[in-house]
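So that you can tell them apart, the chains are marked A, B, C and D in the order they are listed, and the count of residues begins at 1 in each.
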Amino acid sequence: MSLNTFGHLFRVTTWGESHGPALGATVDGCPPGVPIDEAAIQVWLDRRKPGQNKYTTQRREPDAVKILSGVFEGQTTGTSVQLMIENTDQRSKDYSEISEKFRPGHADITYWQKYGIRDYRGGGRSSARETAARVAAGGLARAAIHALAPEIEIQGYMVRMGAHAANRDQFDMGQVDQNPFWTPDAQAAETWATYLDDLRKSGSSVGAVIEVVARNVPAGLGAPIYGKLDTDLAAAMMSINAVKGVEIGEGMGAAELTGEANADEIFIGNDGKPVYSSNHAGGILGGISTGQDVVVRFAVKPTSSILQTRQTITKSGDAAEIVTKGRHDPCVGIRAVPVGEAMMACVLLDHLLLHRGQVGENRGHIGPA
Amino acid sequence: MSLNTFGHLFRVTTWGESHGPALGATVDGCPPGVPIDEAAIQVWLDRRKPGQNKYTTQRREPDAVKILSGVFEGQTTGTSVQLMIENTDQRSKDYSEISEKFRPGHADITYWQKYGIRDYRGGGRSSARETAARVAAGGLARAAIHALAPEIEIQGYMVRMGAHAANRDQFDMGQVDQNPFWTPDAQAAETWATYLDDLRKSGSSVGAVIEVVARNVPAGLGAPIYGKLDTDLAAAMMSINAVKGVEIGEGMGAAELTGEANADEIFIGNDGKPVYSSNHAGGILGGISTGQDVVVRFAVKPTSSILQTRQTITKSGDAAEIVTKGRHDPCVGIRAVPVGEAMMACVLLDHLLLHRGQVGENRGHIGPA
Amino acid sequence: MSLNTFGHLFRVTTWGESHGPALGATVDGCPPGVPIDEAAIQVWLDRRKPGQNKYTTQRREPDAVKILSGVFEGQTTGTSVQLMIENTDQRSKDYSEISEKFRPGHADITYWQKYGIRDYRGGGRSSARETAARVAAGGLARAAIHALAPEIEIQGYMVRMGAHAANRDQFDMGQVDQNPFWTPDAQAAETWATYLDDLRKSGSSVGAVIEVVARNVPAGLGAPIYGKLDTDLAAAMMSINAVKGVEIGEGMGAAELTGEANADEIFIGNDGKPVYSSNHAGGILGGISTGQDVVVRFAVKPTSSILQTRQTITKSGDAAEIVTKGRHDPCVGIRAVPVGEAMMACVLLDHLLLHRGQVGENRGHIGPA
Amino acid sequence: MSLNTFGHLFRVTTWGESHGPALGATVDGCPPGVPIDEAAIQVWLDRRKPGQNKYTTQRREPDAVKILSGVFEGQTTGTSVQLMIENTDQRSKDYSEISEKFRPGHADITYWQKYGIRDYRGGGRSSARETAARVAAGGLARAAIHALAPEIEIQGYMVRMGAHAANRDQFDMGQVDQNPFWTPDAQAAETWATYLDDLRKSGSSVGAVIEVVARNVPAGLGAPIYGKLDTDLAAAMMSINAVKGVEIGEGMGAAELTGEANADEIFIGNDGKPVYSSNHAGGILGGISTGQDVVVRFAVKPTSSILQTRQTITKSGDAAEIVTKGRHDPCVGIRAVPVGEAMMACVLLDHLLLHRGQVGENRGHIGPA
């Protein structure tokens, strides 16, 4: 509801700029009694951390999370949890150019127009550093999910980099952690490495598509209309910096299918539960989870911080050229993988709590009376 | 927080099922003094109304809206506006089959699992009839936008039907109202007519992509993080029945571009305001409108109510076959055009009010001091 | 956020004016499977209905509620429930005087100043008729509470009328339904009857204090800070027309006590559960219910619609005199009793759902390990 | 909406426990361009700070606020403002007794029952230290009010301590800052000093009534029903620790008045604006401000942390006696004065923004056309 908050019952408010003293997430509504400590959250932050390989920004932040409230003797208390990450690598730098010129493709110009003030150092509020706060909150959400529904697994991975899509026939989920691109297609990883090297050398950048899957999500999460599980997932993913498209299951491709090709037929599995012949729906029907994998994809645009000269204007309204130097990722999509996972975790936990609140346990039985 | 509500300040709560006595929208937060009457809302409902041509369901509802509150002597009073549409065409029909069998691709099974009760007549809450309430609310939103920012124009149109995309080189916005598919590509309309006739005869259905454009949106609407204009648009569009993907500007295609291809260069226009060389961003940078056209697309899946036999199960867990007879659209995407427009209107009005609330007027000046 | 809505998970949005076609409540978040029909809600509306005795307004509305959505085959479905009450007794009347003059003590002047438009017939949105919608929503809340926590009982009664307080030593809860004032003090009822007759004859009016008790509320409802059970009760009661003060337990009188007089000592009861020596806290400690009776009181001001001449001004800014003729209650507090009960029901249900959502079941055990 | 958040557009989420590393407020929705720095907020915190005289707790915290985000070059940017106060005076102490026994009148028992875990050191989340975060947020709200409506003044003061009410005939607002009780009645201050000395020596405590007035509030803030200005003020004040009653204007006393005594007659002032013969309404009619002083009172119960022996139980369910040693205020109401002011500031700013969002400027004119 609030403009820096997401979630209904599990509510995350993020705060902080890239070059202020700190940033973080204020998390309200976490269930009590969830085992958590800083190390358990740090695991996820370390996955997102810049400077881990040559494909991500060389800004080297330890991104160490501190829990300032809401946890006592290793468990959540049910009160607000404050997760703070101090900004440590704030190089003194000459910002005079970008304080006057608007970088094309950045929020510089719209922030200025709206607010008349902006922290121009490193992107301020729209810096990708904000996503560290989401990942921290997602770490807490994962711990709570583990306590409430331990069977749920969340995994994100890259399925496209620029012109090159990964090949689903070659997917091996065991590969995801084995390459710098979090892709299950080992061959794509090799192709992308060369491709990205070339882009980086030319001072360019490229977009990517990330897919996030949640497995073993119970049937029944979500609601029919505005509280659809897919609505909240769309909002969660679209709220990430640089995301320009979100798909559930078949996504935009659903437009190209016929009704008989798209609708997943239903059978009874050996365990007496419904099974489906396919998962075009991405695990959600009518806004409510089916029990199949919940599948979301989102497109991350290429960073606009590139070493190539671009035309722009100054605050005074004069034409100008700009080259964005500095520490930037040629493919910001790489670091969006753990961010997408974090958003999935937050949305699922929120809906687990909402479902328990309104309904308690699923009320409809399928099978012999 | 509420699951049948959308919006922050201009808040729309929809209610009603396809076969109950009525459905509608409770609209809170509308500015006072907006000239409105039932006829002004009816215009938009008539665009969405079924039974207007052979491509949409033959259910013939007058869909006549009644304003029950919040309007006095032809103007909004600033209190809750109740917009009610009575259901009149409720044919007595034998629902015994669909009350027991789950239609593949429908919400039947998930509603049952979650709630243990559902109005199986015509889809209940997940019926496309719910969108009439959105269109009514959108009509009110349009009137309020007209009062606050009369230069804003909203137009939706179809850009793909199944396998056939419209050709942007042939777009003529004057054509949109001239064909049953709301497409600006007159040639596509012809192709689609034949294509859809064939699909209808074969008892099949097909998906579509709708694009909604808002022109003359002032710069400055939106917010950096969770209240991004694109976040709210994504949620608004994804909340529409059968939508499986949402794109802003370049959308999923942004993933395939390089930074230099994607970032829109900035110039000063003859009127001293910023102009852009292109609009890959879809009129939104960093969550805030740029002043360019705001461009959203969404994919509508093909209806799963088809005349072809599909495999499913019953509530008792037995295997079964199902054929969904009845009055259904071979391409529900057609009627999604005015719905998408309505959601755009609601989101823009909400952000106009939010912007005025937090900021007042834009605070940043571009040009000579 | 929304200004005509209350509640977190069980959310009630009311709409309608006293002289429009209808008014009602849009209720979101009701649990599914709650047995309900119009008759079960009508019971509560009939308690609030005007014209039942000479002490309440002679406006004779049947106040018949219609359920327009969210209920199927006698049970809630979990979707929005629309509760509508048509306005039938709209006497044609000359409103020219009150359309130009502001009645002292009414919302007339502030509505006009803020909105520049108001439905001056009968109070418009601020008419006490709005409370019918609350009572309808409260009827649904009671049904849901009955399904979730059937032991909870809610009872409201009057404890003061103007200068005359009821005597707690004489309270007999069986008397509450036996007199027109809903008071447990039979002797007070007699005194008040004479008192109110005199006031009515003189064209005057008087205020009242209502107490609402909820018995058998489980320990654990509420939250420490802004979501305190007492915070939500205070907001709920203060949102009722004409209420100017709200007290929990000892209320304003707590200011006069010492710490040892105010704090309720704790013992173990025969059933092994905590019992308290007293209930100064009104059943709430630190924002969370203790298991004792939840006790709320609120003061209703005297209606300002009186037959005595008062000084005021017109819209043109001219001095004027006004006498408010028409059908009015000499003590609107009487009809506030069922309204207060309804608000208690809504708040308790909301917190039952919130508690189940965040915590599930109470997690702390008192007693031998 | 969220359980640790208050406000609609100006939203404050507080976090932190009395004995954790820090506490604070995450403030969303502050207008951009508000001049602010830590010193400007510290002024208000210093008023609330413990240890300033013998009547408040001897815990000596510097309560130094740090602004971690949302402010750049001395102005708010419009993004989340994080206000952090580190806890420094955490004496190592033996908490073994209060970790096992529940203190009567405290949240100990309800927190334990609900959450099954609590930070028993110093009250945890329900410690009065939480109010430091409110005062910090209130300092920011005051700065924003100063920017938007500089004529508004907010002043809180004590009007009752235990058995002794201040005498309104002796009120001199210039006295408020001249005595340790923030009372405008200098004679009451003397009486209370002796009274409180005696209470302190006897190890007892006492309650108080605080009044907060906002002067020069423009007409038009608020809304008719649930978003009434008085509803939000009631919730804001009742959400403060230890508050058990809230009154607007005449408050509970309104119940004792007749209609002619209670309704404030309206006249035209010399400046052509409405003036009122009295202010029984407390500056609010129909939920909307009249332009008169907005007057709120709330009762603070006596602290239950007293040196007298009280009966209680242990977590194991055994009977026990308890004496609460430690640093406590004999009259916590004293320090509630700046807290009440802070809540008034937050509510007024929120409604200033809401009003601007929905309505813009007041639309109704009183005076010659």
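As a convention for this text, a residue touches a chain if its C-beta (ideal position, glycine included) is under 8 Å from a C-beta of that chain, and two chains touch if they have at least 3 such contacts.
What you see is a predicted model, and the numbers here were worked out from it, not measured in a lab.
Participant: Counting only C-alpha atoms to place each centre, which chain is farthest from chain B?
Facilitator: D
Participant: Which chain pair shares more contacting C-beta pairs: B-C, or C-D?
Facilitator: C-D
Participant: Taking each chain's centre as the mean of its CA atoms, how far is chain B from chain D in angstrom?
Facilitator: Centre separation, chain B to chain D: 44 Å.
Participant: Starting from the mean Cα coordinates of chain B and chain C, work out the distance between those two points in Å.
Facilitator: The mean C-alpha positions of chain B and chain C differ by 38 Å.
Participant: As a quick test, compute the distance in whole Å between the mean CA positions of chain C and chain D.
Facilitator: A distance of 25 Å separates the two centres.
Participant: Got the chain D residues that touch at least 2 other chains?
Facilitator: Answer for chain D, listing residues that touch two or more other chains: 1-5, 9, 14, 29, 32-33, 78-79, 114-117, 125, 223-225, 354, 358-359, 363.
Participant: In the complex of these two chains, what residues of chain B are touching chain A?
Facilitator: 1-6, 8, 14, 102, 104-117, 125-126, 130, 160-163, 199, 204-209, 219-220, 222-228, 230-235, 237-239, 243-268, 272, 274, 277, 280-282, 284-290, 297, 299-306, 308, 310-313, 315-319, 333, 354-355, 358-359, 362-369
Participant: Which of the residues in chain A come into contact with chain C in the complex?
Facilitator: Touching chain C from chain A are residues 1, 9, 29-33, 78-79, 223-225, 353-354, 356-360, 363.
Participant: Along chain C, where are the residues that touch chain B in the complex?
Facilitator: Touching chain B: residues 1-5, 8-9, 11, 13-17, 20-24, 26, 28-29, 32-33, 66, 68-70, 72-73, 75-82, 84, 114-119, 124-125 of chain C.
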